[in-house]
Amino acid sequence: MSLTREDVTYVANLARLEFTADEVTALADQLGAVLDYAQTLSELDTSKVKATEHVLELKNVFREDVVKPCLTNEQALANAPDSEAGCFKVPRVME
Amino acid sequence: MEYEIVIGMEIHVELGTKSKIFCSCPTEFGAEENTHTCPVCLGMPGVLPVLNEKVVEYATRAGLALNCEIAHYSKMDRKNYFYPDLPKAYQTSQFDLPICTGGVIEIEVDGIKKDIGITRIHIEEDAGKLLHESAEGTLVDVNRCGVPLVEIVSEPDLRSAEEAKTFAEKVRNILEYTGVSDCKMQEGSMRFDVNISMREKGETVLGTRTEMKNLNSFRALVRAVHYESKRQIVELKKGHVIIQETRKWDDTKGASSSLRSKEEAHDYRYFPEPDLVPIIIEEDYIAKIKAALPELPEAKKHRYIKEYKLPEYDAGVLTATGVLAAFFEEAVGLYNEPKQISNWLMVEIPPLLKEKELAMENISITPIQLVELLKLVKNNTISGTSGKEVLKEMFNTGKNPEDIVKKQGLAQMSDTVELEAIIEKIVTANPKSVEDIGSGNEKAYGFLTGQVMKATKGQANPTVANEIIRAVVKKHLG
Amino acid sequence: MELSQKTIHEINDLLKKKEVTVTEVTQAVVNRIDAVEGSTDAYLRVQAEKALRDAKVVDEKLKARKKKSPLEGIPYGLKDNLCTQGILTTCASKMLYNFIPPYNAHVYDLLIEEGGVLLGKTNMDEFAMGSSTENSAYKITKNPWDLAKVPGGSSGGSAVAVASDTAFFTLGSDTGGSIRQPASFCGVVGMKPTYGLVSRYGLVAFASSLDQIGPFTKDVEDCALVLNAIVGHDEKDTTSLKIEKKDYTKNLKQGVKGLRIGVAQAFFGEGLQPEVRKSLEDAIAVYKAMGAEIVDVSFQYLDYALSAYYLISSAEASSNLARYDGIRYGYRAEEYDGLVDLYRKTRSQGFGEEVKRRIMLGTHALSSGYYDAYYKKAMQVRTLIKEDFEQVFGGCDVLLTPTSPTTAFGIGEKTSNPLEMYLTDIYTVPVNIAGIPGISIPCGLDNGGMPIGMQLLGPVLSEKTILKAAWAFENETNFKNLKAPLGREV
C-alpha cells in the first residue's frame, strides 16, 4: 500500500513541509512501507473496543482561577527571530 | 421564484475569568502588546496546559441559561492548523463531545414568537491578534491567546437578518445576566460567524452555504446578512452555483469578498488532546449551578410588568442589561415609584452617561442619590426642570442632590404667602397686561408668568404661581 | 578505582566520611570529560566552570551541616530536550539552535532543590526521534564499548555519559524505549517509570501520551536514589499522578524468593541475536537459583504494538512539532516569499530527515479519511495491548525480556532503512503503549564484547518490585562492574 505522489504532496502541504521530487518519491516508498507494516492492525476486530485516549484513569484535573506573574515583554520576545514594536513579526498576512 | 434565507450562527463569547483557560496569565483587555504571556500561552517547547476550573463552571452556567443539556462526559480535542495568531499551531477546543448540547431560546420579531435551537456549546481558547502595521509585515500580539471562549452554535432556524440580530441580542442579554461574560462587543468579548444559504420557498433541502466570520457588531451582522442574501439571489437567478466558501465582510465597503486562496479546505485533523483529561460533570454540580442562576431577562421583564405595573416597553429597556436592572431594583427597593424611576433611567440618564463616556457599570451616581433627587422632584421642592439640572451637577461633582439644591438655591418657592407678595407687586406694575387679559387675551398670562419667574430666578413653583397669578389678576379685574 | 568511576552511593559514603569534597568529585568528572569526551561526544555542551562553582557552594554548605539529600553535590547531565532556564536547549535540532528557555523543566527544578551539580546537556536523536542518536543535527555520539558503534537512542548521550563515567547519573526521556535501549547498548541501568509518575513539564514533547523522563545510572541502588528525587505530582502537568510518595530504596535488597517472573515466547522469536538469547536464558537460571518462580506467560496482541506505536507517536508528534514555525523562537529561514513560504522553508530547513518523515506519517494518520483506519485504530489496539499486559500480570509479578533483539549496531548501518531502524524498538515500545514501568540492566556481553541488556517490566506503579528484582540479579552477578574499555588511564 504505497502512498501516491499526490498523497505525499497533500500531506506535505498540511504539515507545511516542502520536498524535492526525489524526496517525494522516497517518502512515498518509506511511508508506504511503514503503513504496509501497520496494515496488520486491520486484521484485528476492534469494533467493540474502546479507544484508549489516556493510559491513566485521571479526570477532572483543574487549576484555580488565579492570576500569576507573566513574562515581561522583553522575556517573551527574547527568543524571537524577528520582532517590532514589542510584537512578533511575520510577513504580511493576506486577509 | 421566491427565495427563503436560511441562517445559522456561531457566537464566540469570551468568558470573564480572571486567568486564561490553560495558564495563569490575566485575561484583562487592553494591556500593552505581549505583556500578558507566559511560556504556556506562547506555545514554547515543553509546556503543558492545565484547565481553569472556572471555565467549566461558566460554560455550564451559560449552557443552563440557554436551556441546554450538560454533558456528563466531555473532553478537549486539538484542532490543527497553521496561522501566526495560533502559537501551538493547534487550537485546543472540543470536537465530538462538547460540554453542552440541545438548547433553545425564544425570540420575538414583529410580534411573532419563535424558538431558535442551539445545537451545541463548546469550550475553546482564543487566538492572538494580528496587527497589520506596515506594508512589509504583520505584527503578532499573543496577549489574547488562551483567553477562554465558549462557542454557541445555533441550529439553522433563523430566517432573516432581523431574527439573527434578535437572537444574538437575546443570547448576549442572557449571558450578561449570568455573569459569565461582560459581552463587550467593542472589546471583542463577543463575535459572530454567520452561515447563509438560500433556497426556494417550500424547499426542505438546504442550499449551499457561505460563511462570514468575526462580525463584531449587530449592525455589521444585519448588513452582512442582507448583502450576502442579495448576492446569492443574484447569482442563483443568473443560473450560477453558489460556492461553499468563507467570505470576508468589509463593513466599511459594505460588501463581502471571497477568501478563497490557493489553500485547500481545512483538514483540521482533530484528535483527543493527550495533555488534558476528560471532564466529568455530575448531577449535583449541575444542580448547584442551576440553583445559583440569577433571574434571567425574560422572567425579570415579566415580573417588572406584573409587579411594578410597568409598560412592556419600559420593562424591556430596564432589563436590557443585568447592571441596569440591578440599579433599577435597588432604587425601587428604596423608594416605591417604579414609573418615575423608570422614566429617569430611560430618558435622563443615558445622555449624561454618553457625555461623560461612562456606562451603567461605572455610573458615577448611586441608586440612593437618584432616589433622593426624585423625592425632591416628587414633593415639589424643586421643579422637574431644576431636577434635570441637579442630575447633571450630580454627574459633574458627585455631590448629593440636597447639597446641590441648597448650594444653588434651587428650592422651589412654593410658599404661597411669599409668592402672593411678589405676584401682587408684578401684577400691580403691569396694568396693561391685566387689561389685555380682561379683554380676552390669555397670552398675557405668559408674560406675567415670565416676569414672576424672572423675579424669583426661576424658582417659583410654576403650578402654584400660575394659580396665584390668576387669582390676583382676577382680583385686579375686580 | 578512581573517583569518576564510582556510584552515587559510594560517593555519598566518601562525602559522609569527609574523605572527599564535592569539588574534588566534580573536578574528577570534569577531568574525565576532558579525557574522553573527544572520543565519545556524549555532551552537546558542558558547563565545567559553573559546575565547579556550584560544587564549591555545596562544599561550603556541607561545612555547616550534613547532606540534605542523597543527590546533593552529585554531578549529573540532562538530555537536551529538558528545558533549563538560561541554558541553551536544542533537542539536538537545528530548529532550536539558539533557544534559551525562560523557565525550567520541573525535574530540573527538583534536582536544583536537591542540590545536584549540573555538568551539561547531553546529545540525543533530534526531538527524541530515533534509536541510535545518529539523527542529532550536531554530532554523533559513540558507544564507549566500541567507538564505531551507536550508543542507541534517542537518549544516547545520557547513556554514554554514565557508561563512560562523565556523569554519575543523567536523565533521559523514553517514548518507545529511548532510555532502556541505549542503557542496554551501553551497559548501564536505565529506567522508564510508570506514565504520570514524573512530571513532563519542561520536557519538549514528542508523543504526549507516551513520553516519560527517567534516570540512567551505574547501578540499581543509584537508580532508586534518582527516582526518589524526580517522582512526584506536579500541578503544572495535568497528566501527573497524585499518589503517596514512596522511598524506592526501601526493601530494595529484599531478594526475590517467591517472586513470580514471567517469561513470554513472544520476546524470544527469530531476529533475536544468539548471544542475547543465551544471556537471557542464563538470567532466568540465576533467578531460579535465587528462589524466584519462573512462569510461562503469553501475549495475544504484542505483534501489533510496534505499528500502533508508530501511528500514535507520529500523530501526536506531528501536532506537537507544528509550533516550530520561526515566529516566536528558534530557527527562521533566511529567504522566503510570504507567510506560507516562511513556514515551509523554516520547517523544511530546520528539521532533519527523520523528524520530517515522522511528521509526514503522523499528519497522514490523522488526516481526513484516514483517521479511523490509522489513529483511531491504533488507539483501540492500545486498549487491547494494555489489557494484554494486565492479563499477563495477573499471573506474574514481573516480566523478563531482552531489551533489544541485538546489541549495538554499527554507525551508519541502519540509517538507510527507516523500517529496519524502527524494528529495533520492538521489545520496548509495548511498555510505553501500556504506560507500565520498565528497567533495563546489563546481563552480559556478546562475542564482540558489546553489552547485552535485559528488561524487567511490571504492572502500573510496580517500580519497587522491579527494582527489587533488578537489584537481586545485579548483586548475584558481576555485570555491573564491567566497564567500557575507554581510556582508563585517567
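To keep things simple, chains are lettered A, B and C as they appear, and every chain counts its residues starting from 1.
Following the convention adopted for this analysis, a residue touches a chain if its C-beta (ideal position, glycine included) is under 8 Å from a C-beta of that chain, and two chains touch if they have at least 3 such contacts.
Here the structure is a predicted model, which is why all the values come from computation and not from measurement.
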Pair exhibiting more inter-chain C-beta contacts, B-C or A-B: A-B
Chain at the geometric heart of the assembly (C-alpha centres): A
Distance from chain C to chain A - Cα centre to Cα centre, in angstrom: 24
Chain B and chain C: spacing of chain centres that average the CA atoms, whole Å: 57
Approximate Å spacing (C-alpha centroids) for the pair chain A, chain B: 40
Residues of chain C touching at least two other chains: 99, 102, 209, 235, 238-239, 322, 325, 327-329, 339-340, 343, 363, 367
Contacts with 2+ other chains: residues of chain A: 10, 14, 16, 53-54, 56, 58, 61, 63, 71, 82, 88, 90-94
Contacts with two or more other chains, residues of chain B listed in rising order: 39, 42, 50-51, 82, 84, 138, 140, 142, 267, 269, 274, 276-277
Partner chain B, residues of chain A touching it in the complex: 10, 13-14, 16, 53-54, 56, 58-68, 70-73, 76-77, 82, 84-95
Sites on chain B touched by chain C in the complex: 39, 42-51, 78, 80, 82, 84, 87-90, 138, 140, 142, 263, 267, 269-271, 274-277
Partner chain C, residues of chain A touching it in the complex: 3, 7-8, 10-12, 14-19, 27, 30-31, 33-35, 37-38, 40-42, 44, 46, 49-56, 58, 61, 63, 71, 75, 78-82, 88, 90-94
Chain B contact footprint on chain C (complex, rising order): 81-83, 89, 91, 96, 99, 101-103, 105, 200-205, 207-209, 235-239, 315-316, 319, 322-323, 325, 327-329, 339-340, 343, 363, 366-368, 371, 375
In the complex, chain C residues that touch chain A: 98-100, 102, 195-196, 209, 235, 238-239, 241, 301, 303-304, 306-308, 310-311, 318, 322, 325-332, 336, 338-340, 342-345, 347-348, 351, 356-357, 359-361, 363-364, 367, 373-374, 376-384, 386, 418-419, 422, 434-435
